[in-house]
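As written, the chain order gives the labels A, B, C, D, E and F, with residue 1 at the start of each chain.
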Amino acid sequence: MQPLQPETIERLRAVSTATLTTQLFKRGFRNVFMQGVRALRPSTRTMVGPASTLRNIPAREDLDHLGVFADPGHPQRRSIETAKEGHILVVDCRGDARVASAGQILVTRLHVRGAAGLVSDGGVRDSGPISEMDFPVFCACPSAPLNLVLHHAVDIDVPIACGGVPVYPGDVVVGDRDGVVVIPRALADEVATDAAAQEEMEEFILERIAGGAPLPGTYPPSDETRAAYEVWRSSRRKTAIA
Amino acid sequence: MQPLQPETIERLRAVSTATLTTQLFKRGFRNVFMQGVRALRPSTRTMVGPASTLRNIPAREDLDHLGVFADPGHPQRRSIETAKEGHILVVDCRGDARVASAGQILVTRLHVRGAAGLVSDGGVRDSGPISEMDFPVFCACPSAPLNLVLHHAVDIDVPIACGGVPVYPGDVVVGDRDGVVVIPRALADEVATDAAAQEEMEEFILERIAGGAPLPGTYPPSDETRAAYEVWRSSRRKTAIA
Amino acid sequence: MQPLQPETIERLRAVSTATLTTQLFKRGFRNVFMQGVRALRPSTRTMVGPASTLRNIPAREDLDHLGVFADPGHPQRRSIETAKEGHILVVDCRGDARVASAGQILVTRLHVRGAAGLVSDGGVRDSGPISEMDFPVFCACPSAPLNLVLHHAVDIDVPIACGGVPVYPGDVVVGDRDGVVVIPRALADEVATDAAAQEEMEEFILERIAGGAPLPGTYPPSDETRAAYEVWRSSRRKTAIA
Amino acid sequence: MQPLQPETIERLRAVSTATLTTQLFKRGFRNVFMQGVRALRPSTRTMVGPASTLRNIPAREDLDHLGVFADPGHPQRRSIETAKEGHILVVDCRGDARVASAGQILVTRLHVRGAAGLVSDGGVRDSGPISEMDFPVFCACPSAPLNLVLHHAVDIDVPIACGGVPVYPGDVVVGDRDGVVVIPRALADEVATDAAAQEEMEEFILERIAGGAPLPGTYPPSDETRAAYEVWRSSRRKTAIA
Amino acid sequence: MQPLQPETIERLRAVSTATLTTQLFKRGFRNVFMQGVRALRPSTRTMVGPASTLRNIPAREDLDHLGVFADPGHPQRRSIETAKEGHILVVDCRGDARVASAGQILVTRLHVRGAAGLVSDGGVRDSGPISEMDFPVFCACPSAPLNLVLHHAVDIDVPIACGGVPVYPGDVVVGDRDGVVVIPRALADEVATDAAAQEEMEEFILERIAGGAPLPGTYPPSDETRAAYEVWRSSRRKTAIA
Amino acid sequence: MQPLQPETIERLRAVSTATLTTQLFKRGFRNVFMQGVRALRPSTRTMVGPASTLRNIPAREDLDHLGVFADPGHPQRRSIETAKEGHILVVDCRGDARVASAGQILVTRLHVRGAAGLVSDGGVRDSGPISEMDFPVFCACPSAPLNLVLHHAVDIDVPIACGGVPVYPGDVVVGDRDGVVVIPRALADEVATDAAAQEEMEEFILERIAGGAPLPGTYPPSDETRAAYEVWRSSRRKTAIA
C-alpha cells in the first residue's frame, strides 16, 4: 500500500466527520461511524491517519497473567512498539469497556514513535494524565482495570471490528468532536476532495442561514443559491490570492 | 392553545428540573424526565418553552436518500422552518443515537427563528461548533452520520415519545444540567408556582444544613423550622423591597 | 473494625485506581472496579475512605411517598445523618440511574459531617450546584427525579453491590478520574504499600519511555532497567533528604 | 390502495422469510426483518397479509387509566374493531415489552373479524390461551401487565416502527418460524414471484447437497448446475401436470 | 404473619397473572410483574405461595470458593434447607443470568420440603432434568455455571429485588405462562376475590366476543351487557348447584 | 494436534455442561460458558467435538454483496466445505444476532460432511426446517436475513470470541440443554474424567436428597456420606459386571 497523499491528509484535517459520513453515504456506505467511541478530551484538532490494528479476544485465566508482558512479541506490546509514524492504532475490544486497552506508558510510547492517535472501543486507564497529553485518544470511556482481566491480544494488522465498524489496515481514520469515521482506503482521495468542496459550500450556506435566509432554496441550495455561491467562492479565492 | 404566561416561564427559568420532578411526583406523575438526554454543553441557563414535535420512524433505503431535502415540505426541514418563537423542537428518534437528528445549519436556522432550544433522543452532528453557539441543544450524544441513514421524518406536531417520556405539542419543556423534564401543559402554571415556593424553602433549609443543622427537624422541616422559615422569608422580602 | 492507618490513606491518595486494580489482579481479584460510575466533576484529588453502605430495592407506590421522610429513621436519611468522618457513603441503586439517589441538601449534610465522599450506581440530582462543591461525588449520571420514584431505601451498613462490585462495610474505596475501585479491608495496607512501590517504578519507566526507550527491556523492566531504577530511586531519595 | 393479488399472497405463503430478506437485499433493502419479535407459538403455517398499524407513545398517569376504554374511539380498541379481513395489525410499542399490547379478548375479536394476524414489538398477555388459538400472534414475549401501565395508543394507520423496521400501512407482512419480514407494498408482487423462483432452485440445490454434492459449483450454482436444474424443473412440472 | 387463607390460595390458582396486574393497577401499583423471568417449562398449573427470599451480591474470589458449601449455614443452602411448606423461594440475582442460582439437587430438596416453587432473576442449571420435574421453576434462562462465579449469597428473608420488582417476605407470588406477579401481602385476600370476579365477567365477555359481539358495549361491558352477565352468572350458578 | 481420545468424547457426552463448568471453576476458569447461545431445538443428546472456527467482522457495502459466494474460497463457504468429521464449527458473529450466520443448505452440507454441530453467537435462518434435522445447532436466536447484511467472513481457524468466551481451534465444545461450554484442549482429558466421577457422586447424592436426606452432610457429602457412596458405587459396579 502506498502512503496516503499529503494533500489528502491535509484536506481530511480540515473537514468534519459529519461531512465525511455524508460523502460516504452518497457512495452507499451506511456504517462508517464508530458507535460509543469518543475523544478522551475534546479538542479542536482533527485526528487523521491510516489504521494499524490490534485484535483482542476474551482473556483466559491460564493464558492472560502479568507474566505475558515479558515476551516482547506480545501482540499488544508489539502493536505499539512497531507503530508507524502518522498511523493510528485501532484496537478491537469487542466493545467491552469494563477494562482498559492501554494506559499512560503505552500511549506515551505511541506518541514518541510518532503515531497519529489511538482508537479503542474498550476503555483507557490513566485517563487523567493522558488527557493532558497532546496526543489524540478515542475510546469508550475511562476504565482502570488492566487489559488482562478481559482481553487477550491475539494478532495485529488484520481486519477488525471497532465501534461496530469494519476497519481494514490502511483504511483512513478521522476523529473529531463528534467521534471517529473510517474511510475505505481506496476512496480516501476522492472523499477528501469532495468533502472539502462540500464544506466550502456549507460555509457559504451557513453564512446565509445565519443572516436570516430560509431553508428552502438555501439548504439544499437552489440553482440561484448555487450561482451566488460560485460568485462568493471566486471572490474569496481572489481575496486569498491577493 | 393560549401562549404560556410570561410569569410561568420566568418562574420555570428560576427553578431546577429536580424540583419540577418532585412537584410532578406529588401530582402522581412518575415518568416526566427524559432518560439519556443531556445538554451538549453544560450551561448555567435553564431552557424553558412549549414543545413542538417531530416524529421519525426507521429509514427505508428507497425513500430516504439525499434527494428528499429538495422538497421544502420534508418534515424535518419543515419542523425547523416553521419553528415558533420561544418554542422548543422535540425530536423523537426512538432513542437511537447512532446517527444525528440535526447539525449546525439546521440548529442555526432554529436559533435565527427565535426557537428556545432543541431536544432529541438521538444524536446531534457538528457538536463542536454547536457547543460554541448560545443556543441550548439537548441530545443523547454527538453523532456524525446524517439522519437519513436511520431516520425517516414522518410528521410534525403530533404526540411523540422522547427519552422514554410522552411529549404532547404544547407541553412545557424545561432543561438544565440534570437534563430535561416535560410538564403537561395544563399543569404548567401551578407547577411553576409551587416549584418556586419549594425552592425558596429549600434555599433556607440548605443554609441551615450548611450551617450544621441535622437532617431531622430540618429536612423535611418541622413546625419549628417552618416557623423560622417564615420569619427568614419575610425578612428577606423586606430587604428586597427596601 | 479498627480505623484505617493514616499512612495507608496517605499512600492510597497518592496512587491511581489503575495501579490498584493491577495490585488486586496480582492477588486474584478480577472484579473490583465499579462499572458505569464516574466523578460528577473530574478533579485532580483522589477520594479515599472506608465504605459505609445504603441498600435500595425497587420502590412500591404504597410505601414510597413523600411522607416517609418525616421519619428520622428512614434509612436514606439515617445513612447520611450518621455518616462517619472520613467515610464514603456507597449506595446500591441496582445500577438504575433513571432517578437520583441524592441531591444538594443531602450531599451538603454529608460534607458538613466530614464524610469523604459519596458513591452511587444510580443518579444524582442538582448536579450543577454539587459540581461546584469541594466534595467528591461519583455516580452513574445526573438525574433529576427524586429517589422515591424507583428506590426504597431498605437498610444500611450491610454488604451491597455497587457498579457490579461487592462492597462490604469497611472496604476501602478509592476514586479518581478513571473511576472507583473497592479494596477488601484486610488487604488495604499491603495493597497501598505495593501500589506506592509500583507507581514509583512506573514513574521511572515513564521517564525512560518519554525519553525514547523502547518497550522491550523497559516495560516490563529487564534486570538492567531494574538496576538503573534502583540507582535513580536512591539518588532521588538522597535529593529529597538533602 | 388496491387489494393484494391473490397469487401474491399464495406465493408468499409458500416461501420463507429468509428467502424474502434475500430478495429484498438484492433490491437494496437491509432493514426489513423485525428484531426481537417471534411467534408466540411456533407453527408450520406462514402468516401473510397487508399491514394495518397502531401507534403507542409512553403512558401518562392522568390520561391512561381504565376509564379510557369506555370510549369506543380509543385507538387500541378502534384498531381492532375496524380490523379488515386478511389484514395484519402491527403495533408499535417502541420495543418495550414490559407490558402487554393485547390479550385474549382483543385477539379473539381480531380473529372473529377475519384478520390474518397480530404483530407487536411489545408483550402479549394471556399467552397460554392465545397459544392454543388458531391465530398467528408475533410479539417480543409474554407479559402480563395491561397496556395502560406503559402505553398510550395514539393513532392508527400511520407509518410506524415495529421491531426496528419501518411499517407503512399496506406493506405486506410475512411471518414464519424465523420471525417477521415487511415488504414494501409496491414490491410485493415481484418479490413474491422471484422468491418462489429462488425457493424452487434452492429445493433442487438442497437435494444435491443432501446427496453429497460439494458447495463449490452447487451453491451458488455453476452454469452446469443451473442447466441440471432446468432439466429437473421441467421434468418436475411435467410430472405435476401428468 | 398469619398463614395465607386457603381460599385466597385457591382463588389465586384459578386466575391469571394478567388479571392480577389489572387488579393491582386499579389500586395504584404499576410495578408488580417480574421482567425477564419465565417458567423453565410452560405448564397449565399456576404457581401460588408466600415468598421467602434469598439475597445475592457479586462474588469475590477470596470469599466465594467451593469450600463455602461445607458450612451448613451458607445462606443459599440455608434458604433451601429451611424452606417452608407452600412457600416460594425468590432469589435476587441482580438480574444477572450469566450463571446459575440453583441446580437439580437443590431444586429436588426444595421439592421434597414441600415448597411451592422457585423464582430467580438469574439462571438455573440442569434445566433439562428440572424441566421434567413436577415443580415450578421460574428464572431468566438456563445457565450452566455455578453460582459462586458471580454470586455471593448474603442473607435470607430480607426485602429484595427480583426481576425489577420489590419482594417482601410473605408477599404472595403467582406464576403462570405469562410470568410472575408479586402481590403485597396485605392486599392478597381482596385482590384474589376481585380477580376471581373479574375473570368470571371476562369469561362471559369472551364468550360474547367469540360469538361475534363487537367490542363497543361488550368490552368494557355496557349496562346492558352487565345485566346480561348477571343473568348468565345466576343461571350458571344454579346449574352448578343442581 | 492429536485427535481427541474416544473415551474423552464418550465421557463428555455423558456429563452435563453444569458439571463441566464446576470442574473448570475448580481449575480457576470463570468464563467458559457461552452467554446467550442456546440449542435451536432442545434435545436429550449432548453435542461434543473439537472446535473449528470462523471469524466475522462487520460487513461493508462494497465488499459484501451476493456475488462474493461465487468465490469457492469465501471464508464462510470454505469453513463449511472443509469441515472435519466430528468437529464443531464455531462462528464469531460479535454476538450480533440481527442476521443469520447460516441456513438450511449450509447446515445440511455440514451434516453430510460429518461435522458434530454448529455453534454461533449470531442468528440462524431456516430455523423451522433445521429444527427437524438430526444435527445440533446452537445460536442466539432464529433470524431470517442473510449474513451479508451485517457480517463479513474474514478468516477461519483462528482464535475467536463466541458468546463472550475465547475459543481456540481444537478446544473441546460441549453443548446441552443449558447451553455451550468450551474446554481448553489441554484439559479435556482430565476434565472429562473428573466430571464423570463428579456426576457419579451426584447421582448418589440426588438419590439421597430425593429420598429425604437434608442438605447438611449430604451435599456436599460428609465423610460418612462419602463412605456410603463408596459402598453404593462398588455395589453398582458389581451389579453392572454381573
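Keep in mind that, in the parts below, a contact is a pair of C-beta atoms (placed from the backbone, for glycine too) under 8 Å apart; a residue touches a chain by one contact, two chains touch by 3 or more.
Computed from a predicted structure; not experimentally measured.
Minimum number of contact steps separating chain B from chain E: 2.
Identification of common neighbours of chain C and chain E yields an empty set.
The most distant chain from chain C is D, comparing centres defined as mean Cα coordinates. Matching residue numbers shows that A-F is the pair in D-E, A-F or D-F whose interface repeats C-E, with more than half of the contact pairs in common.
At the far end from chain A, in terms of centres built from Cα atoms, lies E.
Rotating chain A by 180 degrees superposes its CA atoms on those of chain F, with the angle stated to the nearest 5.
Averaging C-alpha coordinates per chain places the centre of chain A 32 Å away from that of chain B. As a whole-number value, the distance joining the C-alpha centres of chain C and chain F reads 40 Å. Rounded to whole angstrom units, the spacing between the C-alpha centres of chain A and chain E is 51. The set of chain D residues touching two or more other chains comprises 30. Listed by chain label, the pairs that touch are A-B, A-C, A-F, B-C, B-D, C-E, D-E, D-F, E-F. Across the complex, chain B is touched by residues 66, 69-70, 72, 77, 80-81, 98-100, 103-106, 108-109, 112, 125-128, 131, 141-146, 148-149 of chain C. On the side of chain F, the complex with chain A involves touching residues 28-31, 57-62, 94, 152, 154-155, 158-161, 164-166, 184. Considering their complex, residues 16-18, 20-22, 25-26, 30, 32-33, 35, 38, 42, 44, 176-179, 181, 202, 205-206, 209-210, 212, 214-216, 219-220 of chain F touch chain E.
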